Every structure is written in C-alpha cells, then in structure tokens.
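Note that the chains are named A, B, C and D in the order they appear, and that numbering of residues resets to 1 at the start of each chain.
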C-alpha cells in the first residue's frame, strides 16, 4: 500500500463522524478521501466542513472509487453483511465496527467472503485500544498478577436508548448489544468461552417488556481453560458512564476503573463528591483514535488485523449463547448458538 | 432480665476470644461471668487474664450455672446443634455464631427446639452491624438509590485456610463457608432468593482438589422479587481482606468498599500505593462489638432477635442450593436443597 | 512499679472521660483506681458507672491517695502548672495532655519541677500514636522516601468552638490551640524549627475579631536542618474533621489522609460521594487508647517518656513564635518567643 | 478577521510543536499557514510533515508575510520582548506563551507597545483552560463553596531540568519559572496579591547551589482582600507530574487533583497501586488545545483576550516579589519588585 493510506468512511452516524473526523485530522498515515451516507446532505456537509474532496450517497459508489484503498464501515449493523462483502469484493481493506452482525449465519457468510477473497478485515472493539485495557494486558503478560483465574467486566450506560432501538430484532437485545464488548474483553484476557448462564430483567424500565428487552443482566462464564468470569450489564447508571473490569490472578488483581470527567473533588456538608464521564464518547475518545490508527498502520505495514473477523464471530457466539441462556434459564455452551432468537 | 446481663461464652477459639474480651470490657450492659472451652487450660487462663470468676471444660457445666442468663455459642459449627439445643433447654438466651449448621436437617431441628421452648436465639452475621452495611441500609430505606434492582457482594480472603479445614465435610466448602455471609447480606437488601447458579474451581490452589474444595466461585442469584444478584468468593486476595458490596438501584448505587489499614499513601517511582486491612479481625472489629451489644440489649429489652434462627436457615438454604448448583451445573431453586452433598 | 499500674485521672471533661473509660476497660496493664473533677457529682457518677472505687473533688485529695501511683492530667490548660507540679511533688508518674501550658515561663517552671524531682512526665500528643503517623514514621525511618526535605501538615475543624473558648487569653488563639499538634508532628518528622512566618485572618467567622482570634492560618517553617514546611489551620471544614500531613522526600512522598466515617460511596446523579469522620473523637479514638497504653507501659517498664516535657515546651515555643509572627508580620525565630502576647 | 484565521507559529521547540500540530489539525477555525524557527531545518521538516506551505528561519520574515494574520510566540522567554513587539508592530494578533518576560522593565515595555498599537495580545497560562480549573471556577462562581478564603496550589515536577536551564539568569529561578503558573491561578480565584513570603532551598539536588537555584519552595500569599494562600513548588516528584490546587471556602472546598495516566489499580502483596501522568504534556494536552482555540475564537470574534498582557505582568510581579522575599528572608509587597535579582 502507498503511504498515506487513502481511506473512505461509510456511514456518518454519531460514531461514523468520530472516526471520519479522526481520519481527517489526527491520523498522519491516512488521507480521508471520501465519505458516504445514505443521507446525501449529511455526507456533503461533512465533506465540506472537513475538506474531504468526494462524497457519495451509496456505499457502492464509494467502493467504485479507484482512489479509495480502504474503508471504515460504520453503518447500522443490519447492513454490515452487504457493505462488508461488497467492500471485500471491490478489493478494499475493511475496518468494520462491532458487532459484525447479530445473525450468526450472516456473520459466517462474511467470514467466508473475506477468506475466499484473501481480504483484510479488522473488527472494531475499541476497549482493546483504551489505555487502561492496554496497560492491564501488558501487566498480565508480564506476570504482575500471576495466572489470571477470574474476570469481571461491567458495562453500565447512564440511560436506556430510545425504545425503538431496544427492540432485540434491531439491537440484538441488551446482552448482545452491550455485552459483546465485555465478551470480547473476556476473550482478550481469558481466552475462549465454553459456556454461559444469564439472569436479568426489565427492572429499571418496565416499559422495555413491551419490546422484549431487558435493562440489567448478569452473565456467568466458564472459559475453556476452566477459569470463570462474570459480566454485569445495565442501562441505569444514572451517575455517568461506568465501564470497569477486573482481572483476578493468583498473585494479585488488576482493576480497570471508571473515568472521572474532571479531577475535582467537591467537599461540602453533603460529603466529598466527584464526577464520572457522561458517556462513551468521552470515555473512549482516545481509544477510537488509537484503534483507527492501528487499522491504518496494519494495512500499510502488511500486518495481520489486530482483531479479526473470527474474533468478531466468537464474541457474537457468546452473545447469542448468553441471550439463549437467559431465554431458556439454563447454562448454554458457546457453540450451541444457531437457533437463538434475538 | 436483670441489668447487667450475666453472660457466658462457650468456645474460646480465635473468634470466641474476641467476643469474650468484648463482653469482659466493652459491653457496659453485660457481665462476663463464665467461659467454657473443651481445652480446660485455655478457659482457665483466659478467665484469669480477664478477671472472669468461673471457667468450665464442658458446655454442659456452664449451662448448669444458675448465674448465667445468656450464652454466646462460638464453638465449631459441627457442635452447634448440640450446644444450642442444650442451652435452649437450660433456659438460656442464646447467641450463635454463623453458620447455624452445615446440615439443613440439623438446623431445622434447632429451630424446632427454639420454637417449642419459646427461647431467644439470635444468629451472628456481623456484616449487618458494620458501619458500612448499616449506613447503606439506612440510605436504601431512605430511597437514596430508588428501588434496588441488583446486588453484588464480594468476599475475598487473603489466603486459604489450612487444607484440613477446607474439607467440605467440615467447612461446608467454599460456597457455604464464605458465601453464607454474602447470602445473608443479599437477603438483608433484596429479600428472599428464588434460585442460584454457581461456577468456580480450584484455580489458585490446585491442591484443594484433593479434598474436594474450590477457591473461587461466582454465584448468580434471582430473588423472589425478580431482581438479580451475584456473589464472588475467593481465597487468593493476596493484597488483604477484601469485602465489598454494591446495591444497584433505579436512581443510583451504593458501594461498600474495602477498608484501608492506615490512611497513608506512599508515592514513589513505583506509583501511588495504599494498603488494605489484612484480615477479618481488623475489618470487623467494631462490627463484632456492635453485634454482641445488640444481642445483650435485645435480651435485656425483651425485644425480638435482630437476626433469627430462620434467617440462619434461609442463608444456609441458599448456600446449599449454590453448592448443589455448582456440583450439578444447573440453576437450583433455593428450596430444592435437601439432598445437597456438602 | 507494680503490675498493673494503679492510676488516677484528674479532669473528667470530654477528653478526660475518654482516657478514663479507656483506662477502666481497655488497658490491661492499668487499674483505674480514682478519678477527680472539680464537679464532684461528675466524678461520682463516672466512678459509679465504671466501677471506680474512689472519686474526689480536689486534685490534691487524689494526689494524697497512696493507692495512686500515676495520674493522667486532663484538666483545663490553665491549671496544668499547678496540678502537674503538685503531682510531681506527690511522687506520681504524670501524663499531661497537650498543651503543657500557653505560657512559656509556666511551662519552664513545670520542667524544672520535673527535673529537680527526677519525676516521670509524659506529654500527650495523640497523633504520634495514630496508625497513619506511626506507619509514616516507620517508612521514613526505613528510607522509603529517601531524605525528607519538606513537610505539610493540615488541621481543619468542622466548626469553630464557642466564642468564649476562642479568646486567645484562654485558648492561646488558633495558632497555638490547634497548631501545636502540627508543630509537634513537624518536630517528629523534621526535627527542630528555626523560624516561622504566619499569615491568616478571621475570614470565615468575622465575629472572631471581637475576641482577637482568627479562623484560618498558614504558617511557613524553616527547620534547623534547612528543610522547610507549612501548616494550614482552619475552623471551617464544614464537611468533617480533616487532618492530613505529607512528608516530602527525595525519593517519594508519604501522604496521611483524612478518615472516612464509613466505607460507602453513594453514586447518584449528583456524583460519587463519600463521607469524612465528623470530629477528632472518631478520628483519634484508637490513638488516644494507644497513647495511654504507651504511658502505662513506659511507667511499668521503667522506660523514658515517649514524648517529654521538653517536647511539650518545644512545640509551645513554635506556637508562640508563629503567633508573634502573625501579630508582627515578620519571620520569627522559634527561640524568640518570650514576649509573645497570646 | 476572516474565517478561518491564518496563523503562524514562531518557535518550534517542544511546546511550539504542540501548538503548531494542534493548529494544523485540531482547530477548525484556524489555518496554520507558516512556521518559523531559528533552526531552519526544523521549520522545514515540520512544515513538510504537517502540510504547512511556508516556513521561515527568522521571525521577522514570518511577520512580513501578508498571509499571516495572527502569530503564536512560543520562543524562549528571553526573546519574547523582541518578537512580541515586532509582531505587534507588524499588525498581527499575538498569542504569547508564559512568562511574558523575566524582566519587569521588559514586560512593561511590551505592554506599552501593545497599548500604543491597540494590538491584541493574549497570554498563555494553560491551566485556566484545563477541565479541572474551568469546572472549579464555575463552581466557585456558582457559590458552591461559599466565599473563598484561602487557596493552596502545588506544582511538582518529576525531575529537575538540565542544570544549564536552572540558572536563574535564564529561567528566572524555580519560584518564577514554575511558580508563575500558581500565581496566575491564585489571581484567577482570589484576585490580586498584596504580599508574599517564601522559604525553600536546594534540598533534593544540592548541585543546584552551583547555579544559585533551588528545588523546593513554599510561598505564603496575602491577597488584597485579606484572604491568604500558599504555593508549594518542587522538582522532585519522582512518582509523576503532580499539579493540584485547593480553593477553600466558607461552605466547602474544591480540590483539583493530580491525573492518573491510566484508570488501573494494581492490587498485589505490595498494596494497591495506581500511576500518575508522567509530565505536563500528558496532563495539559487538552488544555493547550482549548487555549489556542480560545485565542483563535477571540481574535475572530473581536473579543477581548481571556488573559491579558497585564495579567502576565501581574503574575510576573508576584514571582519577582516571592523571589526577592526568599533572597532577603522577609515578606515583600507584590508592588515592591523592581530591583529583584533573578
């Protein structure tokens, strides 16, 4: 590949704009040459604001652009299959935001397309690029906590999404939609998951029952190594965006904590108070940048993807198994996932 | 009852000596009039050191002492049934350290004896008297976090007990031995447990497999109200004694954290470091004192026990169900506990 | 001395009752045999509640009691000179709460009396017995932070005393009354003080100007070794009782922080909040106990006092110098203190 | 001014490159059109890397460029007078990094040039743009802590600069070089300073005595309002870069704390450990960006500078007074600064 990497962004929703703005200004090795969004005016206005020379309404047109060597696919999940397969067939290197799909057959079809084309596909799981998770991984690998034997991961959103986005047929449901990050983190530190068991309910927002979703879940995991883990997911962290993990080892523990928005303590008669970052944009701003830089560097350097399509499928399998476990109230093997109804 | 309450302590092991020393010096409403331990020399030397006028080898002799109005039973769990029933039959008010038993039939026999005698039995679960748990309960009751929807409780010991004490036939196994505290806390905040599911293993101390015990466990809980919870138990908190809980509500969360031993931060090239209390004696010193004072005040005041025998049985049932769940790798109803093999 | 040490407490104000209750119940090597307070009914009721066999109105009568081998003098500061000198002359070992006096001539008269009688006098500065300060001293002595080069000490009360107790002719004024603890801590870690400079004012409670006192002060110190320090005193820590120190060395730093009352974090829309201990009784409960045990052990063991009368005079000198510095707005040598008007 | 603002950066040292890179990529309202550095090759290579079309060796040539509407002066302090006055005379809007000068006559000459030209000069004190200080200021203005009565500010570097940069004739000495940030913060929260008193020494790096500098200082301040403050400066924060402040009010306190580099706690037998950001680049990365954006927005919007040249002179006066106070061991009025020997 030539340096810098000419890249296009497909999908300019909230997160798409973050990636595109980073690519426009903060990734020295990349040149953002085109953007596409089915809302053509959004593509045009973004392009003009950021000095991007070409914009498209259809992802197909962008993929037909010979200037574009690589694409970042940040469209809605339901379109991933089509866009990623088209991009692979057009010979582009592909970055695809999580989840690869909420359908295992679709995801496997994507993997086969990547394999038969010998294409480059890197999945987006930005926590792996967060300073906290990176530092934790280094310390684990350096033996600081001995052998990891247990993992805890917690993802708690400050509020629930609009109810139409909570429909499991769209989102995959709480366990798949939020939990897939935690399941990927679990694999990062502990390896593959053997089985899961999930409990939960629509406990804080009873209206979620109308669409069949829940707002809190606890998922036990048994890893193939025999070690164990647990994930807590919630939509009612009213105080802020609360992402944590703990890797528990034979010689100690690593805790990855929540982020404060400011380094202020307020000390009054009410007590000593600090804040928390409000949402994932603030929490993972640097991780999103590091992740897309990593993709660019991998493509330019001819290296393997840091997170593969197979990683994306593995996290999806765990999500599906956990969802089925919740539905059927029984432990489910991570391989036993084909018929889960999302 | 006359004031002060004349009390005897049966069992002068490590924890028995804590209770007895508190009763000797720090409970204004009580007078420690007798101690008993099957090691007669231990009873004698303790009595002489603390100015206790009478000491016994046999619990029966202490129970025959007309001066003694109430007893604290801090003997090994396997003797609880006999000592508590004897005490009840001797007309004493009884404080019994957790667990009531590791056998559900024995525990139920004890309850029947208490009921038929109309006796006073208060169980020991000292966390309920810790300043952190007390303050959390008050805040929950005051609505500070809205409606509790989820509970996390963690108990992590700095090292495993000597292997002979880990034999589940003696200790009940990790889940019952350590977890019963967490299950009692769960009931304190969330009400009765409907079902549990447990995973775990001998992950840090493989030698535990030789006696059939484990060192780490994660137990999911579904409460009768439909809310959920999770308990993490571990024997390898090498940094100190790590007891925590979180009560997660619709309007916020309460975290009960670990205790530091000293209020020092050490700031060197290695980072910013603080310590943790080394073990449960330091962590719960004040809770043990508050608990025995509460027992004394309840007896003197003619009030109901703060923690009843039925509470002790309920926590035991959850322990047994969780143990069986681990053994059989399936969710178990908390009522479905009679045949669990400990 | 015989074991246990027969001790009397003179002065049963708030702090006197703490010492006396500790001596009654929690100091195995001591026996509280008498108490005295000029409010005779207070002495009597305390004695009856704690099972102390003798009580007196006059300190002289207690000193005449042959059963009494040692006394703790917890009377108001203005009486220290008379009571301590009488106790020394009566042949008692003496523990005297800080400050030794607010008058340097009086304090030196006391020292001379102790010296000519060859008496045992130990001063009370309870911070030296707090787990935080003790641990910090050990770490400094072990070289953890290299060579200490700078000390910060902060004492902040949650509210001001009743205005009649703020009159500097009674209390010595803010700098002497509160600061003497910090000056003693400064000597503990850094050695003798060469000079001081103080600024401050009646900034939070303007009504203090009517009695000539202030509510906030910052005092610079230069130690004889050339190292430096600073003390912040305040009466308006509305959130709780805030005692801290930092020892700053060539290889790191030790921070002694404030104490939380409970290990709870409250996480709501208002932020993440914790509490602080409300006042010195909670903060230093264990330190007061450790301190009086140390006195008892030193007397019984024939050891030197841990904190001498000379230490008490040295801290007083710094207090007087700092007060004068504030009055005259100039650096003052710690030796240049005779004429300070308190 | 036209939008976007065409800006040039003069001085491409470590901090100059930060500002220039921010202007190149992260300030939507600005266009970086030229850079200058007396090391011509540095200017050229930077320009080529960042796509800046023009580069110069001499600041005069850049100032002669008609494309350049505004300049950021990030040269060494000793050149500020010449460069800023030239820029003003060339009609450019000027951003000047602190300190304005280490010479009061020079600084006042600069102010006069700005005034007679009616020019726009904004000083750089990036702490005012840090999220912590910004949030603290808002809370103070909202009355959260009542009336501020006392300020503490601490700046501690992880190591000393190379000794040649410590020569006070170059750097102004520790108190001016580091402390000017704290003095500006003091003015931000408490208003003008009436007098100062400083103590300190070459306590951690005795070799500093050879050039006449020190490594630790404590500076008392009395503000014109009668409130007080204290600054601690140090060069031996071996654990990281430690910038803090506390604003102490009648109804509470605001603490601005140090920043952790990662949100990790490492829990091992050595204790619970976290890290600190290593240096000011990490600590203030966002503040530098926010500050230069603020400058650009002020120029484009025709607004007054957020931090004026007079603010720069006021902070310099306090620095000079504190330096003289240290030299002469006496309190010095902030106005009494002309003859201080730096």
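Before moving on, here are some points about what is shown:
Rule of thumb we're sticking to: a contact is a pair of C-beta atoms (placed from the backbone, for glycine too) under 8 Å apart; a residue touches a chain by one contact, two chains touch by 3 or more.
All of these numbers come straight from a predicted model, not from anything done at the bench.
The chains that touch both chain C and chain D are A, B.
Of the two chain pairs examined here, A-D and B-D, it is A-D that is joined by more C-beta pairs in contact.
Chain centres here are means of the Cα atoms, and by that rule the chain farthest away from chain A is C. A separation of 58 Å divides the Cα centre of chain B from that of chain D. Distance from the chain A centre to the chain D centre is 39 Å, each centre being the mean of its Cα atoms.
The set of chain C residues that touch two or more partner chains comprises 237-239, 251-253, 266-269. Residues of chain B that touch chain D in their complex: 237-239, 266-276. Note for the complex: chain C touches chain B at residues 25-26, 28, 49, 131-132, 135-136, 139, 144-145, 251-259, 261-269.
Across the complex, chain A meets chain B through its residues 147, 149-150, 152, 197, 199-201, 203-204, 216-218, 220-222, 226-230, 232, 234, 236-239, 248, 250-253, 329-331.
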